[in-house]
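Take this structure first; my questions come after.
Note that the chains are named A, B, C and D in the order they appear, and that numbering of residues resets to 1 at the start of each chain.
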Amino acid sequence: MLNTNPFDDDKLHEECAVFGIFDHEEAAPLAALGLHALQHRGQEAAGIVSFDGKQFPAHRGIGLVGDIFGRKSVIDRLHGHAAIGHTRYSTTGEPHVRNVQPLFADLEFGGLAIAHNGNLTNALTMRQTLVQRGCIFQSTTDTEIIIHLMATRHGSVVERLTSTLHQIEGAYSLVIMTEDMMIGVRDPLGVRPLVLGRIGDAYILASESCAFDIIGATYVRDVEPGELIVASKDGLQSHFPFTRKRQRFCVFEYIYFSRPDSIVEGVSVYEARKQIGIELAREAPVEADVIVPIPDSGVPAAIGFSQGSETPFEYGIIRNHYVGRTFIEPSDEIRHLGVKLKQQRQPGLYHRQAGCPGR
Amino acid sequence: MLNTNPFDDDKLHEECAVFGIFDHEEAAPLAALGLHALQHRGQEAAGIVSFDGKQFPAHRGIGLVGDIFGRKSVIDRLHGHAAIGHTRYSTTGEPHVRNVQPLFADLEFGGLAIAHNGNLTNALTMRQTLVQRGCIFQSTTDTEIIIHLMATRHGSVVERLTSTLHQIEGAYSLVIMTEDMMIGVRDPLGVRPLVLGRIGDAYILASESCAFDIIGATYVRDVEPGELIVASKDGLQSHFPFTRKRQRFCVFEYIYFSRPDSIVEGVSVYEARKQIGIELAREAPVEADVIVPIPDSGVPAAIGFSQGSETPFEYGIIRNHYVGRTFIEPSDEIRHLGVKLKQQRQPGLYHRQAGCPGR
Amino acid sequence: MLNTNPFDDDKLHEECAVFGIFDHEEAAPLAALGLHALQHRGQEAAGIVSFDGKQFPAHRGIGLVGDIFGRKSVIDRLHGHAAIGHTRYSTTGEPHVRNVQPLFADLEFGGLAIAHNGNLTNALTMRQTLVQRGCIFQSTTDTEIIIHLMATRHGSVVERLTSTLHQIEGAYSLVIMTEDMMIGVRDPLGVRPLVLGRIGDAYILASESCAFDIIGATYVRDVEPGELIVASKDGLQSHFPFTRKRQRFCVFEYIYFSRPDSIVEGVSVYEARKQIGIELAREAPVEADVIVPIPDSGVPAAIGFSQGSETPFEYGIIRNHYVGRTFIEPSDEIRHLGVKLKQQRQPGLYHRQAGCPGR
Amino acid sequence: MLNTNPFDDDKLHEECAVFGIFDHEEAAPLAALGLHALQHRGQEAAGIVSFDGKQFPAHRGIGLVGDIFGRKSVIDRLHGHAAIGHTRYSTTGEPHVRNVQPLFADLEFGGLAIAHNGNLTNALTMRQTLVQRGCIFQSTTDTEIIIHLMATRHGSVVERLTSTLHQIEGAYSLVIMTEDMMIGVRDPLGVRPLVLGRIGDAYILASESCAFDIIGATYVRDVEPGELIVASKDGLQSHFPFTRKRQRFCVFEYIYFSRPDSIVEGVSVYEARKQIGIELAREAPVEADVIVPIPDSGVPAAIGFSQGSETPFEYGIIRNHYVGRTFIEPSDEIRHLGVKLKQQRQPGLYHRQAGCPGR
């Protein structure tokens, strides 16, 4: 075997975004806008697969959603009333288009597209077993394992998927599209978020609620840990194929991953971050003239600290918003330079910094 | 004549950026970084011309500085110890590379590169006169008029330039490079800014001081209205070829054009904006629960209003920082959509908005 | 199933070229030159996969070999001492890069690259059977069937391949590369050509001997119908896994497909075509002033006809050699225009035309 | 001055092609086809400028005509009833788009487009004089001198041109387009060819008559040495602004530059080349078994030699017609390799070679 562990290059792919929309005549444009609102969860690559009743047109690319899907000619090719999409976080190693999701395969029952946020913990063993059985892998993503498992199971799509889910372990928020339905799944521990929304009669699935706001959709509820939800022409069905477990939601979603205007697990991310600042001011008070945030992720916590400590809030560090892809290529060295290029201190201001750079 | 007024397509090109550096071994990379810090003054196009002792290598492109100059192979071609650059603001009409500055021409005395921020008010008449004399124009910029006037004058470069300046009217902050010198000029009314800095022994000219901070250079002083400043191997010379006039500095530089961390005409832009907010709270007080800025240009004024009115400051509108070029193409319709895509209101917050969208 | 017959788009892919080289330090550059000499067998797409001892770097593209592999940076990435390549003939339907050969897959025993000239007659049934077993197809080529069959067989590579060959029917000249060996196979009927050559200690396989001439290699012999030939560090091994059948070599190889300077099945193509012209002059003599060929495929037959009939040979139709890809795009309409663009009759010459246009 | 002689990089630009068409509703597509038929006179770059009654849309590119003008979207932009074009021969030095003809300039009387085949012998002196007067050059072509001279003359377009022609020396076949007319000029020595044709009511100018055949136009006559011919809505006017001189037509047009199916100065190029072969067989007879041409330029002479010496003609060297741009880049080293790649000797044939490789 050439690669003993083909997943080595995916250092941190917990932080991707998934999106799906079912039964809307502008499925692909809305998917592109939704992914654009979720861009903070992954800037390396993005893709959309739609279904037009016959074919599953797809487009994937390296770069930002706006660059990949900004041209009308690209969106126009993605016909149909259903579409799912994915954005991928920057990782070490060269990004390959073959790893850009949603993945697609032609199975016995027809086409299957899948987008995955999370990380399977038994991916390596599962892959080796499948290769020994004669399965041929096309990507190095652990998501492809789910497809091969579904291809070699029997029964309906939901039965194949349920059987598959019992064989995989780890974190997964999945959005799946077949010719008849859109499926959303959250792993039993509920590590990554997945929310359900509506726009008109159409159902939407997304990693965060901010993807609903941009397209004027309504937040319905979070998909629950261990829930498998099916949208089809018969409406919405909910399945709970697992024994209930204690949820282990990832706290970094509040601290760093999610957007401040999202509601995650019922709580506003902005409020959560502000409370962290208030609490920090209480637990670790300092004498200071001004509180200055590291823009942009540090702003809510700095406002909280400012209010909690009754110290003036000032904007001492200016972020350059025109940092393009070129200056923030995915290497450690450049990532470091990226921070320098994006932020400049305002002359004459001394401050305690609160927050994470570059978010 | 095909075009009665070839300048019609340049609706608002007051807001460009110029940059020049003389006698530094990394002239072009520093110019690229300086232009990157000045990106807010023009996102449509950018260019750099350097001088390596023999040739004037040049690179110009449509797009952002980071995209145009981000590749090492591009910067490496721009040899030499002197370089000038320009970023161009988005205008209506199709952008043409032939209009991207710095312009360059081979004159009798050698090469001449020029970058211009401003707008000549007698451009149309001057151009017609020159065409009748047999001058052939290659661009539709009014900047090219300055080159043709210099080409048909006599004497030294400074004499040709001085004679030329007496024939043009309007606003101009110019950075010019020849084989021997770098020249900075500000029109007698001082409409647009131009500042002088140093890094080591090298002299720098830039539209705003934030271009000095990014490369670790020191702000020396503003070029004065009506001043013509020459950097050469003999050091710095200052000329005042005009009768003194009352300055008419453009107030939009404080309100909108300049970056908050720049010092313009001796005043911090951040402080100026904050004072506007404080003054607004005094002149037009409101009963409110929270003060919410329109990010990013509205932040300092909102902080001022919050402090002046003793009302809590909250960050209710989240800006999407991954808006690429594609979603903000230079058409009125898309520009409008651009604002929608960049900003989303936080659910449940009602607020008085302070500031200009998208800055 | 979306596509009842996914091979419908491949109207005529008999006429492709395969090339392989084993144990030469410049494997990929020689493969590119060899494919270039075989360009007449397929102008739509081309690809090369090499093996460098660890990885199987690959490059595939739509277009001509010279355009796809002309840049040094492309060839330099294809490290290693073994390489196989393929050129693909223009077909109706949009060409997809995923269909461009050589195909590659990671199987249980390691990497496998395969290039195929020919057409399987039981492809549709085989594919359906494999999909029902859970095999996931990535291309619409019938060549991928061979890979899936090998993936689900057991034993050594040669054992898996032999077992696979007994399940497929039709025409195939295959060149296969694994980590240890290069394999050449010709179907039992010997429909398509495959020749063996040497350069230094390296073995070469190619569709026609003209690929040896361009790189200074020596023609050894034709691979025989039904022969499976293995080049490894242990030298050359020959297997005959089939019962002998009567050969059914495709006569169009002499008439049209092969290059006149190739030796095919031991006979010079030029001589074969010339003899056809001599025979035609004998069987169907005409009164004529001059014999004019349709360049270029008609030249040898016209020379034969001229010699056989003792009528002067004249070059009355001039071919334009600068026809680029754009004017001969793969649509019927344009293909027709392509002929018009490539050839112009010389004014004042009337002639009997011999030959096929554009070859 | 940076470049003492800016024309140094143009080693051999005698061999370009010009084309013009006046008063035809498909001017630009016909110009593209005409240039395609003239591709053998220049493969480095090509351009077309049309006039649509208001604007002079233009497109120029590096490469072959079919690649530059093959897309419908490109041709569709070149509106109008008049168009002129140019193909440029490969030269040493980096080709720059700014040097690709037709050149265009906005003069006092309106737009002027010009295409030039030939070489001015007093270009350097003329250019220096013009620069001293304040003229700004944009290209390094000597053709631009003609534009600057016309810009600074007075009177009608024909008067300005006539006055200009008396100041330049050397070889020139020019095709010029203004808003009202198309002009053809041949220098008094008649060094380069220029022919006049008609299609319907439209007038055509071209370097060779083969450009008429491809579009179904009729050859009318050669433009005479020293003739200035004007096509306008008033029909055709002929001027002879020079004293008659003895013609010095370039013999290489027959030997190498022109296409065999062109009629040049009233003589078929094919016949001229064949006569050279017959004459060679007479003057320098050899004992030989076969006569083999170097394709393609050598074919007519070899046929002549074969007929003159009564020795059989055989096609022993096969040319690879799929040599793309990449393998024949304009460097001496690659040009040499280009010949090797294009031609392969047929095994077992020994021959006396007649002809120039690669034509």
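Quick notes on this structure:
What we mean here is this: contacts are C-beta pairs under 8 Å (C-beta built on N, C-alpha and C of every residue); 3 or more make two chains touch, one makes a residue touch a chain.
Keep in mind that what you see is a predicted model, and the values were worked out from it rather than measured.
Steps from chain B to chain D, minimised over paths through touching chains, total 1.
Among the remaining chains, none touches chain A as well as chain C. Using mean Cα coordinates as chain centres, the one most removed from chain A is D. Chain D has its Cα centroid 59 Å from the Cα centroid of chain A. If you average the Cα atoms of chain A and of chain B, the two centres end up 38 Å apart. Contact with two or more other chains is made by no residue of chain B.
In the complex of the two chains, the chain D residues touching chain B come out as 1-3, 54-56, 105-108, 110-111, 131-138, 147-148, 151-152. Within the complex, the chain D residues that touch chain C are 33, 36-37, 39-40, 43, 63-67, 70-71, 210, 213-214, 259-261, 263, 268, 270, 296, 299-300, 303, 306-307, 312-315, 318-327, 341, 344-348.
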